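Got a structure for you, written out below as structure tokens; questions coming shortly.
Should a chain be cited, it is by its letter among A, B, C and D, assigned in written order, with residues numbered from 1 in that chain.
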Amino acid sequence: MNTEVCDEIHEECGVFGIYDLDRHDVASTIYYGLFALQHRGQESCGIAVSDTYGPKGKVQSYKGMGLANEVFTQENLEKMKGDIGVGHVRYSTAGASTIENAQPLVLNYVKGTLALAHNGNLINANELRHDLEYTGAIFQTTIDSEVIAYHIARERLKTGTVEEAVRRAASKMRGAYSLVVMSPRKLIGARDPYGFKPLCIGKRDNAYIITSETCALDTIGAEFVRDVLPGEVVTISQDGQISSDTSNCLPKGQEARCIFEYIYFARPDSRCDGISIYESRTRAGAFLAQDSPVEADLVVGVPESGNPAAQGYAMASGIPYGTAFIKNGYVGRTFIKPKQSSRESSVRIKLNVLKKSVEGKRIIMIDDSIVRGTTSGRIVSMLREAGAKEVHVRISSPPFLWPCYFGTDIPAREQLIAYNKTIDEICQELGADSLGYLKVERLSELVDGLPICKGCFTGEYPMEPPKEDIRGEYEK
Amino acid sequence: MNTEVCDEIHEECGVFGIYDLDRHDVASTIYYGLFALQHRGQESCGIAVSDTYGPKGKVQSYKGMGLANEVFTQENLEKMKGDIGVGHVRYSTAGASTIENAQPLVLNYVKGTLALAHNGNLINANELRHDLEYTGAIFQTTIDSEVIAYHIARERLKTGTVEEAVRRAASKMRGAYSLVVMSPRKLIGARDPYGFKPLCIGKRDNAYIITSETCALDTIGAEFVRDVLPGEVVTISQDGQISSDTSNCLPKGQEARCIFEYIYFARPDSRCDGISIYESRTRAGAFLAQDSPVEADLVVGVPESGNPAAQGYAMASGIPYGTAFIKNGYVGRTFIKPKQSSRESSVRIKLNVLKKSVEGKRIIMIDDSIVRGTTSGRIVSMLREAGAKEVHVRISSPPFLWPCYFGTDIPAREQLIAYNKTIDEICQELGADSLGYLKVERLSELVDGLPICKGCFTGEYPMEPPKEDIRGEYEK
Amino acid sequence: MNTEVCDEIHEECGVFGIYDLDRHDVASTIYYGLFALQHRGQESCGIAVSDTYGPKGKVQSYKGMGLANEVFTQENLEKMKGDIGVGHVRYSTAGASTIENAQPLVLNYVKGTLALAHNGNLINANELRHDLEYTGAIFQTTIDSEVIAYHIARERLKTGTVEEAVRRAASKMRGAYSLVVMSPRKLIGARDPYGFKPLCIGKRDNAYIITSETCALDTIGAEFVRDVLPGEVVTISQDGQISSDTSNCLPKGQEARCIFEYIYFARPDSRCDGISIYESRTRAGAFLAQDSPVEADLVVGVPESGNPAAQGYAMASGIPYGTAFIKNGYVGRTFIKPKQSSRESSVRIKLNVLKKSVEGKRIIMIDDSIVRGTTSGRIVSMLREAGAKEVHVRISSPPFLWPCYFGTDIPAREQLIAYNKTIDEICQELGADSLGYLKVERLSELVDGLPICKGCFTGEYPMEPPKEDIRGEYEK
Amino acid sequence: MNTEVCDEIHEECGVFGIYDLDRHDVASTIYYGLFALQHRGQESCGIAVSDTYGPKGKVQSYKGMGLANEVFTQENLEKMKGDIGVGHVRYSTAGASTIENAQPLVLNYVKGTLALAHNGNLINANELRHDLEYTGAIFQTTIDSEVIAYHIARERLKTGTVEEAVRRAASKMRGAYSLVVMSPRKLIGARDPYGFKPLCIGKRDNAYIITSETCALDTIGAEFVRDVLPGEVVTISQDGQISSDTSNCLPKGQEARCIFEYIYFARPDSRCDGISIYESRTRAGAFLAQDSPVEADLVVGVPESGNPAAQGYAMASGIPYGTAFIKNGYVGRTFIKPKQSSRESSVRIKLNVLKKSVEGKRIIMIDDSIVRGTTSGRIVSMLREAGAKEVHVRISSPPFLWPCYFGTDIPAREQLIAYNKTIDEICQELGADSLGYLKVERLSELVDGLPICKGCFTGEYPMEPPKEDIRGEYEK
């Protein structure tokens, strides 16, 4: 999804919780986990840890704006002593981008301390906030985690265990959430009944991990145990058992995993609900080869996200796969664009064409998605300037046409290139020789028929969408 | 109060609120106000502003660790657009020193937004927290402001105006507080019934100010209107009236102003409740001259805080006032003490003796207080090394003997030099030729008989002190 | 050359000079140029500009430790006004890594100001320094540029033009250098007679560029004019002519371009002396396929540098090319490795294996070089853990066996895996099923027979190497 | 010298050299020394150390913009291992304010390494630079130290010892300099024949110190040994002897110490050439009382620099000394002045009047000097606004009328308030009731008749001033 090449601006959040029953400190492992989940959010990150063996569940936390590598130092990691903890990387799809909104949320409540890290978007958050305010609640952030925390605190007054309070609170939430909660002596994971966002369980020696993606398990050398089920609440306690509460679950087949996790969000080396992300993407390329074939000399991907589909296309079509673009690996989060000069386009700064590869050739250029189309258009031009004879664009997802209410940051319809345009018109706007999108029908084949949400492509959502635009209202 | 010369570590907080009816931006004026109040807290500071003319009372805020001069930049001040605002400088006497605890506290509640800045210490904060938690409240900080905010939010459900909610909330608080609250279209100030901490009202053109000390009014060129009464709640609204609610006030004469504000905390150029701080201090020096006279050649103050009393002593005794110490003006908040060398004592780095002044002379050395005594002892030695024939120490406050529950950070009794020692023994420990403290009886004379709290000297408090030590319990 | 995967620590420097005859400011264009050359040096960078129309050739410069993106801000770029300038990115192969050693070197001399940026390594620098010192010179840095500057300044006393002074100074240098020099009204480029390091000329409208690689021209939208010849001195002056002095050149065929530029240093999208870097690398892969064939299911590259050769191998062998590794794109220059935990290996943090790709397969893994071998060994293990049936390692360069005196940072012989070991022994140490290196005979075929230096592989150098180790002697 | 109250912008540099024969590390002691000399320069500072026992005289150095407290950290101080070293604090009177110009200057030359720190201003620096350039020298900074270093390096070729090279180099310098030089095994101090700038020797155990002011000796607990004589070169070598070369000295009585060191520059607790700075200043006050008497109620100083003279005036006149101003101690080097508001004057932000002190009184206000007069005028107004009945201004130096070529930064004549105005006219411009300056005749009495330079008051200089304005020409 290149609005600005390589900007990767559409990620959501990543969560990572760990409980080490052997009482080793976990802060540095969380740090490595966040580092593996960094593609899910680069705005801010944070870690909170606690020790389960001390008397009071004292929480130590550190949060900051920026990448894990920028926020955490040897020094602040070493200060966080504790054998249980949660971490978070954030890209805001709702809520302002400020340090106040960084997660995990750490709080005191009637039963001691809690730390929460949350990925997803609630569609009834405003309603829940208003309800709480009418009973005297105050809100210091604009993130959903604060609403969830309030509900946990209130439910906890009426129920015997924190996991049951989490479950009851979860049952009031409508929308997408994958949640890890650290209470003084328990690590809890919860996933919304539709399973929009991934969540999985891992284990390393005597330490249990609940995290967004399996790539975080690989990075820290943990083995994959299983996915958390849509609607399930899992609890790791001192006895080392993974207890499960599935009473929030929907009947099998009614889930609605976000298909865009498979197309773009998740890291290719992750598996979500049993499906290899990399394979979903190569499969999308293969479908494009079958459904939108074209004669050509070379298949190339727009780095990095277009490469797996390009490889799938190449394998399925027999047309050789090659490299057409060199990406400047030093593009950081905060690339400075001096005003002085307007000659240097931001695409060219980040991406250069390998003339040798494309000169005189018919090129199939694969990208994962098109949002506004500006960048794709520029890349097509660059290929032509470099001597490509033909440029055939293939997109490994259907056209974006509808808003997402569950965590994906899709611009207003008017800004979407596919809005009110035929495929031919889009093709012309991009300056391509031909254009093919993945068919909507193919989406569920990418994930072996798992029930999915494809609302951003079809406008059909697994639950009634909110009437007002819920994004950003609470910004201060 | 020199524990470490010039460290001035014992300040509390300063608050500054402003509402400009002519709708000029106020952020930079708040910044200047905080700068004038910087002596009241150097750990962290913050500003929150809002515009009263916009539709929603959108609050913009910025907080950080450090001095106003370090935290605020041209850029972040310019971003904060608004004609009403509050600011805060903080030194923590309770609550951990972290960015989460920086003030003002900004929050959403049932009626919109609030921003609070608070100076003081509640003795029933834990109790109030627990009560709130038992009705489902969550706490994200360890500062009293959060407790106060919750109560305002809850009272607001039952009452028609925010100022009445503030008053009702205040009536539940026990202890010391001077508070400024910004609601979307009102600026409110509240002071506890004992009047522990100062709070005053100023005016500049059509802008009203509620702040801790008059020196902040002078700095921004505002005129002094009046002090907020102990127990009073004052409200500035769009009509430019200062409305007052005195129903929380105690009967006249039952207040208990913190005498240490006059002895040490407040800036000498401020007036608090009608009393010039500078005059209180010179008067203390004059009392010492009367009550603990000694023959000598020169009266000197330990800079900066000992100087006014030294001037008062000199005037009353007729012994010339002089300068014995040169203070290094570049000692910052974060002076680095390299481990490499232990030859350089931290006193000598900050203070040097003017040999020419003291050589061969009998010196009366005045300081505002002695806590542990280590520093005073070192300064006495330095005077002797520089050739002073005699060193007579006079302290412009009585000996510290008891804890303070209302905002002053006094170490545990065992660490106080005066604990379990006679004046003679202290004198000997300091290596002085004689030692005189201000008499407890003189304290109320410093403030023309205003009712005061002198608990740290006498152990008698205006209200029942808490049983447990309330300081630091909520630290995370 | 993966000593630490993705650390890319072996780059040298990159230079970028520009003279805009239309008098536009050039600082931001230099910044973009440095950004394109960032792979040649990440330790420090700098820009110096001057205006040719002002009276005095006043130079403004800014240098710092870190990436261009970190060192330069909107603000410092805007302050540098001037239509002529030079920039530099640095990785130190000699000379300490300090801000004092950052380039460009800016100086005053008898004829006004000069700014120099230099890539390469002189083997007679110490000798030249000593000679200068014996006539009273002082040195404030440990970089060769200072030695060159002195010689230019001295030659300038005896000759009429700065370009002739540069040429005479260059004739005294032995070793590798590509140099851009800015004098008040001229931009000069010089390349050593062996042409070790690349240098080329570009043009955009009325602006002329002299820079290390063509990728910098592409990034700023300039067209390639020609390469600077080995030994040539080119001068851009106000009339817009590129004047050339070839009197330092060697007879055709005696040059000795660094072959490692083609194998590893240069960016794949650059062309150096007419040779596409990308093509050299795919060609190396093809040669490996011919010379070290093996039956397998998949060819994979170790990212990023192994990919082009892997693609060449795949095309030549007909074995499919695939992706086996996912590289974490957020590994920065300063990745923090907390001490707390030793479970997370640094390879696994940066690289993860795509199990789906390699499971049950016979893998050919291509890398550009092996230095110590530790990393390669770990990657082989990771492939096996992920289920690879066989791992055949192919390296697109011959074994490193000898030191480089001309700018490439090769560790001491004892640390090289190939030192004193047979290929079989190395293969065993890596845990691979087979191992093949590029044959030394193939090297010149990579560059269509251009004369090259392959000293690091053969120990035969185009000029007598120095007796002492010249690296690092001047470190302070 | 208040151009902006308390800005203290006119300081020069401070130097500190130490050689510890017992081989203890000296970096942290230098740091403390610089801290004591901070009033002499706040722009940049630096430390260079070397070890005398190692084989090569390897120098480690660290420099930065800002105060010693900001530039140095525990970490960088600990890295600098060595038993000999020099340090510098800088305020630029000539040469641009950039990191390149920070001192000490560290360099390699024919005999190894040197580090130099310099205070003063050479009037023939440009001439010397040009001469050097005509023999091929290059200059990387615009500071005089580089010129001096070149001369030392060249003289060293012709002479047997580094101290003799320093002496010969010094003999070519015209103007003001106090210099410390560290060679691998010697610490050398040199002072110009006129003795413009102070320089003294101290000792602590087996460590010898050469530094600008005695206050630095006091701070590190060293004893004062003696002043370096004007024109003298002193050398500390391994045997612990202080060898002296006086062949550059002028005949007794021809020196020309800068009188402004006594009036303003030096710290009051220092002694320079046997004269207590504090006493010079109180004496100036006493002279004012005799020469410009006036009836009044209170004598006050403009803090900090006006206080000693005010005390002297009070003692001599019998009029009581008091405090009229409270200075905000948190004004840092980089006080932010937001553009938003212009209501807050910068004087009022830094200084507030103690109304209680001045109300209804006739005030004598003492300052050390007047430059442009703007600030003094504002302070007079503030006193009046606070209720002073009369304001009599007394200045403890004569009117500035001429430029200084030897290190004091005096603005162009046209900007001086005293230029082309009578005392009465100045008095009127300030809005004072009367005005008195110190008489020029009194200046030498301040220093017991030591020969002085009073050129800035009289236009008569001890040597021919340069024809061109030498300040700032080399700025880049």
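Convention: a residue touches a chain if its C-beta (ideal position, glycine included) is under 8 Å from a C-beta of that chain, and two chains touch if they have at least 3 such contacts.
Protein identities per chain, from UniProt: A, B, C, D = Amidophosphoribosyltransferase.
Everything numeric in this text was worked out from a predicted model, so none of it was measured.
K.L.:
Please name the chain that ends up farthest from subunit D once chain centres are defined by their CA atoms averaged.
P.N.:
Max centre-to-centre separation from subunit D belongs to A.
K.L.:
Comparing A-B against B-D, which pair counts more contacting C-beta pairs?
P.N.:
Greater number of contacting C-beta pairs: B-D.
K.L.:
What whole-Å value do you get for the distance between subunit B and subunit C if each is reduced to the mean of its CA atoms?
P.N.:
Chain centres of subunit B and subunit C, defined by C-alpha means, are spaced 60 Å apart.
K.L.:
Using Cα averages as centroids, what's the distance between subunit B and subunit D in whole Å?
P.N.:
37
K.L.:
Averaging only over C-alpha atoms, locate the centres of subunit A and subunit B and give their separation in whole Å.
P.N.:
Those two chain centres are 48 Å apart.
K.L.:
By the touch definition up top, name every chain pair that qualifies.
P.N.:
Chain pairs that touch: A-B, A-C, B-D, C-D.
K.L.:
For the complex, which residues does subunit C have touching subunit A?
P.N.:
Touch list, subunit C to subunit A: 24-25, 27-29, 31-32, 35-36, 38-39, 42, 67-70, 72-74, 77-78, 204, 215, 218-221, 267-269, 276, 278-279, 304, 307-308, 311, 315, 320-323, 326, 328-332, 334-336, 338-341, 343-345, 348-349, 352-357.
K.L.:
Which part of subunit A faces subunit B closely enough to touch in the complex?
P.N.:
Those residues of subunit A that touch subunit B are 58-61, 99-100, 105-110, 113-114, 129, 133-140, 146, 149-150, 153-154, 157, 474, 476.
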